[in-house]
Amino acid sequence: MSKLYTFLKYFFITFWTVFVVAPFLWAVSTSFKDFQSVNSKVTYIPWLDFEPTLEGWRVLIKSPAKGGVDIVEPYFNSIFVTCTASLISIVLGTLAAYALSRFTFKAGFVRNNDITFFFISQRIMPPIVLSIPFFIFLSTIGLLDSLLGLVVVYIVLLMPIAVWIMVDFFNRVPKELDETALIDGCNPYQAFYKVVLPNSIPGLIVAGMFCIIFGWIDFFFAFILTFTEVQLLPVKVVALNSSITPWWSLSASALVSVAPLIIVAFIVERYLSKGNLSGALK
Amino acid sequence: MNFKHKFVFLFPGLFVLIGILIFPIIFTIRLSLSGWNSYTPEMNFIGITNYIRLFTDDPRFWESFFRLSFLSVTTVILQYVIGFALAMMVWREIKFKRFFRVIFLVPMMTTPVIMTVIWRTFFHESLGPVNDLLGGLGVKPILWLSDPVIAKFTVIIVEVWQWTPFMFLLLLAGLLSLPKEPFLAAAIDGASPFRKFVYVTFPLMAPISIGAIIIRLIEASKIMDTVFVLTSGGPGTATETSSFYIYIKGLREFQMGYAATLSFTYLVIMIISLTIIAKVLTKLMIKE
Amino acid sequence: MEEQMAKIDLSNISHTYNPLDPKPTYALNPFSMTWENGKRYAILGPSGCGKTTMLNIVSGLVRPSKGEILFDETPVTDLKTEDRNIAQVFQFPVIYNTMTVYDNLAFPLRCREFTKEKIEERVKAVSDTLNLSSFLNSPARKLTADQKQLISLGRGLVREDVAAVLMDEPLTVIDPDLKFRLRRNLKEINEQYKTTLVYVTHDQNEAMTFAENIIVMDQGEIVQVGLPKDLFEKPKTTFVGYFIGSPAMNIFHSTVSSDHEVKINDTTIKTNSNLGNLKDKNVKLGIRSEFIELAEKEKSNTVKIKLTRVEDFGNFKLLTGKMGDLVIKSKVEREKPIPDGELNLYFPPEKCCVYSDEKLV
Amino acid sequence: MKTIKTCVTALISALLVFSPVAYADKWSDQFPHIKATGDIPGDCSYESMSKKNYKGKTLKINTHAVPVMGEPTALHAEQFAKLTGAKVDVTHTPAGDLYAKAMVPFQAGQAPYDIVFGFSNFINDWRRYLEPVPKKYVEMKQMKDVTPSHIGVASWDGVMYQFPVDGDRHYLKYRKDVIDNPEYQKQYKEATGKELKVPTTWKEYGEMAAYFNGWDWDGDGEKEYGSAEVMKKDDLMYAAFYSRSAAYSKNPKTPGGFFFDLETMKPLINNPGFVEALTDWVAATKYVPPGGINFGLGDEIGSFGGGQTLFSFSWDDAFVAAMQPDSPINNKVGAAQLPGAMKVWNRKTNSWDEGFNQAPFFVWGWAVGVAKKSKEKEMAFDYLCFFANEANHQADIGIGRFGVNPFRNDDFKVDVWTQIGWDKDIAQSYVDTLAQMEQSKNRVFPLRVPGTFEFNAALATAAAKALAGQLSPQAALDEAAKQWEDILNRVGKDNVRKAYAVGVAMEDNKQ
Amino acid sequence: MNLIGEKISYKPDEQFHLNDVSFNFKKGNLYTILGRTLSGKTTLLKTIAGLLNPDQGSISFEEKDFIKIPVWERNVAMVYQQFINYPHLNVYENITFPLEQRKLSPEQIKKDVDEALKTVGLVGFENRKIQELSGGQQQRVALARSLAKKAKILLLDEPLVNLDYKLREQLREEFKRIFSEGLSQDTILIYSTTDPQEVMELNGEVIVLDEGKVLQKGPAKEIFENPSNLKVAEISNDPPMNVLKGSKNSKNLNFENISLEIPNHFKNLEDRDYNFGIRASEIKLDENGEEFEIELAEISGSETLLHLKRGNSKIIALIEEVMNFKIHEKVKINFNANKFYAFGEDEKLVSSPYGGTNG
């Protein structure tokens, strides 16, 4: 029984690992191909199956006039927008989550849970629903095609996540901790930043991680709301989708775009192993 | 504890969110009552004409909605089952535990639109590796993207690949926070691994599961990037989902007014059905 | 009830968490012990004394660094928990939330593929004893904490072949009001089932109430095994004297002045201990505050103290007095008149315990 | 010694400067792109542009993804910037989103881009946001050379809104090495009793494609297939359908509309002609490569261009890709007009007119316009003019991935193509094919009416359902026709009629 | 200058957490609030601290309306039953925290903290992390933090309830010392507990709370000797006072087929049915006594609690000795009739051996 189980377990894990890794391996292989290696027949291993070329990678830093996509600037734009929006979302979301976890709000039929639901429900909206209104909105306030405009929009995308994680987290931090701080002479703000915040690091890490992920992978808003001044990485990469699709450079850029978040994966795993996150992620 | 200060905590976030959203929402509702399209781009008022059209004469939307329900429910169930299984496997000691954990998390970190392009080449029926390898095993080429039924499952495969890690992460964190006594007790009672799972692990994980499933359903209901890149809703309309249909109506055909109608209706349906699902799940799994 | 319970032998057991160290620090010092069939044992000690390690060694969660465990002469040292035929009740009631009480109780038997009739019979018997008969069809999660704890126990009892039922501080999370009910149940069950029960606790009240044999542990060492009365009256070490009883035993530094006498400050106290070979050595004299009597006047074995405090505990009064710098506590009846200032306390010789190197002489 | 060398060098230099070639080289040194021809004098030549000064100004362009149209846009932008001192920002957008990317800001009253690239059939939706091409440019020499049909495509009711930079049409591409192979001709004859030749009807096309489907006929160890076509339900798929339908439905005896009956505005797309074409097409799913039913244009180009299929029809790209020097089937392909049919539907008599009929489809191509709200219109037109100047154009059309195709009479000269390494007979067939289409009197132009997108999307959706086997051809087209009626009612019949009349006029070649 | 509460009610949901509670606490005194779990003790303390605002009633301190003053300006200190400390700070920082909030000079802080550490016996633990401490030590840190503040009102909410038996005993001992030595005459100390022994031991003024209502107020001894009703008698005794339903006639007290001579203090009592109350410690083993069956013999400290049963009555006897009994064994006991209480059928005290009556 247990032998079979162990076998099945390792089989399944191996299978899934292969499944997870396969597209990446394929992307790595494809990134060294050219038109012929892609279009004539299926090839896998450089040198053995096809003559590798670095063109796919070179394209990423070449100017478009030479058939390249210069992804350096979009890369930094993406990092800037994701981090800024995540930071703001976490600050505002954490404050709101604290309020929702600690205080009672009543307004008509609205209670704490309804407000929390309002926050989280923003995730229900598909980007398409908001894209045009946001376009008009940003153009009215003059933030179209700007990093700041994207940050504003991403806040809507990310704050629900921060609120969702942090409300749960604060609900598990004993209320008595803040009460003690109040009794010890802190006003509510001091109690929050001197006592509650330092004890919420795991929650903040999780919230930050999710914000960064969901900010980084957004395509739609970045696509609709920018023109020439600002471009984010996914838009730049998708713009490679010409009628003759350069699979090689798409593959290379896919790999490049995943890279920074792999670091996030390592951080998450590290915290998981240390047991710090289990409390924050229930 | 109740202070006037509580508003200072809540309001910045709430008002920023409302401030950013109030215009878009009102705009969408107003837009849905107009006939704005590519040739008459104006906010005229046509009453509920669009809604009548939607409810009487747009089977494609409703088909796309049921298709979406099928796709999101299926993917979420699969993600849950696989995510749970994976979490169970790397929960306790196992060789290369940390390596596997990182690997299992990675797909979540990839941008769907970009990754799906890779998937498209991956599943390319004549130039992709999948059919080639299957061909090596003597399997006939499978029409991953061009068979109306199989294409749905290809979308599901990609979605499962992308988002199982999310489930996995939440469930693994949940498992790591479980007390160990119930498992000892079950061992002492002589429970087989199967029984242990059914009567101990699963019930203990129920609350965490519900949270994870709901969140994933919310996210899965927006499924669009994958369909967009992988099949463009085809073959036929076989993989067209609601948000993709709204996208087509709005940004391809530029029937903005009608797209707003679709959006608003969709939102209302989603909020209602997700609330019901949440309630039902809680009932089913926790049985309070 | 057939005698299927096992005798448990712990032979030369010791445990350390750093086995490679040539001079390991023991979580559990080497010891041997036999637990008889059908008796109730309590392992008592402050947190960190090694009691949980000992329990885990018996249940199989911890493999001892040295020594052997035998159930009815059969070695089980290398068997896993599930193969050892024991039942265990944890601090927190563990029940299967999704099942009814009946299914909970039947679970261990179903896992072992008993027949339906047999299961029914056993569950009925056990639920009768545990007073759970009327809840059999309700979902287990709806019960109160103590009832849940009974279910945990019931799952152990439902198997006739368990070698022992191990309980790890089972009353910690039970409401004080319910604790009493559960304690009585446990005791009754043991008397009826003749199961070997091992009960781990830090609470001397629980241990003494529950067990016939109490194993007092301190810092990885078994310091005394015995009946509650022995522990109370003749604590083998000063630690037991301190740990058992409330207030703790009065302990005074003293010197041996003759074969049976010790000297505290300048007062000579006669004891029943033979102190021949400890002459002029420093020892400690211990006496329970319950056994100290008020004396009308100075006589042999009395000490003169200055009364510093009288506390009314309702059921009794506690006198605190000083003899030089030594503090003496004495429990007296509440209604007894207490003279002010100085008074004489009588130490009955048979109740005086002498400790050399913290061990009873 | 040294002096002599210096003298010789100086002499040679002087010679070079004063010869015509040397004149061209002044620019081709700086811009290797045009090294084949050098600068060609004209209103928008390198020389003329270098005299403009746009320093401190910024030109914003949205174009298609690299490389098709995207790369030449960026390339010429860079050159333009170098010549004029302007700053040029170019963004790239996938084909499917070009429309929305421009339309969203247009409708919001914004002009984030000075120049927007798109498809020529966006013209009706876009024209009210576009600046008509100023007279000055319309009357330029380089514009005079543009074929009338492409002037027509770029104009609406006589006003030119789009600056011609590309010419497009659908035509047939075939594997010359197979069709001309006597071995296969014999084999085919034995098997089917018919001649193996360039197909002139869709039926022949289908028979040959079916015969050469699923086996290794070029001996490379891989299976080859019959036909590569755009069957994926996206923005291009309907074009393939119209190409296949034209021969069955465009009856020279019944002018006055291909898509609608201009008089009644009744949709014609479910008449037997279209149904026949769709039936053919459904049959075609049997001889496309695995997954062919989900091929987009890119897949088609890759498939035919990569040597995977016998036939393909659509834009030039696949042909030009196949003719690239590094292509394995370089100089092994031929071009021909789209196949015709042996019968054509007559909607007046409600019956088939027997006899050979053929109708080329002037499918939309790349088009580009200048936003009305742009603040840099002059610079924008200068840029477009520069983009399409003779030197650039000649260099561009030879580069397959650029997607710049012939639209000038000059382009129909064989030596333009032999220069870049095409076999003469292939270049000849190519040029002939294109020229014949210009002259045809029985032509179909793309639908350019309000709601074009909706009409095409409805049709594509229905056709895709038929291809996927969800509906029969008749049922699918009936569904599409019904939706067309709905769209008509929503948009207003008269609006559509007015716009459609412009196209019909071109079709009937009345101008 | 007292802490005065008047008619305080708090009803956040269906049930009253506090119901018409009034008090008058004087400086320099110790007050204990005795009540079972959920009787409203914590709510009352939180209300005083300012963490809860009552729905009705007023609290004033030093003649100021206390309710208008926010918690952080009230100068109170509170120790919770859970050991609440700041997990991100070490022991020393935990204790300085409130002092730094008040912006005291570093020298003053050092002096106060050292003093507090000494008082609670944690000298040498300054740099330990909170998580490294045992429960008892954690509670001492909490106490030290409260003491160092030198607050005018010190609230202790069941501070010992979550500690081990022996630690509890030890810490209780220390509390007594700290309360008598470590507090200034300005401080009002309010201590809540469920344990009557603690109440007796601390020997302050007592408020007995039940379901948010004040049942009785008075010195510990008075509460113990003359509980105003059955409920108080139960709450204020450990083990709870035995209640026997019975009657008095002209000759005897009767219950469960047992007749006792009428004790002196019952002489003037009307002849009728009563709830007789008798403490467990007033029941002795006696060869000539009445026969009861043992349900359980519980050993507590150095006493044995015999849970006895006869007919419909269950009683507990407290034997001042550690003894072993078997379940269902029969024992004979004797009641000390002189220590009988009589409660009316309305459960109010009618007669007490210490002379008190209700009203």
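Brief remarks follow.
We call the chains A, B, C, D and E, going by the order they appear; numbering starts again at 1 in every chain.
The working rule: a contact is a pair of C-beta atoms (placed from the backbone, for glycine too) under 8 Å apart; a residue touches a chain by one contact, two chains touch by 3 or more.
Keep in mind the model is a prediction, meaning the values are calculated, not measured.
The chains in contact with chain C as well as with chain D are B. Each step here moves to a touching chain, and the least such steps from chain C to chain E number 1. Using CA-based centroids throughout, the chain positioned farthest away from chain C is D. Across all inter-chain contacts, the pair with the most C-beta pairs is A-B. Here the CA centre of chain B is 39 Å from the CA centre of chain D.
Separation between the centroids of chain D and chain E, computed from CA atoms only, is 93 Å. Note on chain placement: the centre of chain A and the centre of chain C lie 56 Å apart, centres being C-alpha means.
In chain E, the positions touching at least two other chains are 51, 70. Contact of a single residue of chain C with at least two other chains is seen at no position. Among all residues of chain D, those that touch two or more other chains are 97, 100, 104, 296, 302-303, 306, 308. On chain B, the positions that touch chain C within their shared complex are 179, 181-182, 184-185, 187-192, 195, 199-200, 203-204, 287. Residue ranges on chain C touching chain E, taken from their complex, read 46-47, 175-176, 180, 183-184, 187-188, 191, 202-205, 208-209, 212, 227-229, 231-233, 242-243, 245-248, 288, 290, 311-316, 331, 334. Within the complex formed with chain A, the chain B residues making contact are 1-3, 5-10, 12-14, 16-17, 20-21, 23-25, 27-28, 31, 82, 85-86, 89-90, 94, 97-98, 100-115, 117-119, 121-122, 127-129, 131-132, 161, 169-170, 172-174, 176-177, 192-193, 207-208, 211, 215, 218-219, 221-222, 224-225, 229, 242-243, 246-247, 250-251, 256, 259-260, 263-264, 266-267, 270-271, 274. Of all residues in chain A, only 174, 176-177, 179-187, 190-191, 195, 198-199 touch chain E in the complex they form. Listing the residues of chain B that touch chain D in their complex gives 35-39, 41, 57, 60, 124-127, 131, 141, 143-148, 151, 231-238, 248, 251-256.
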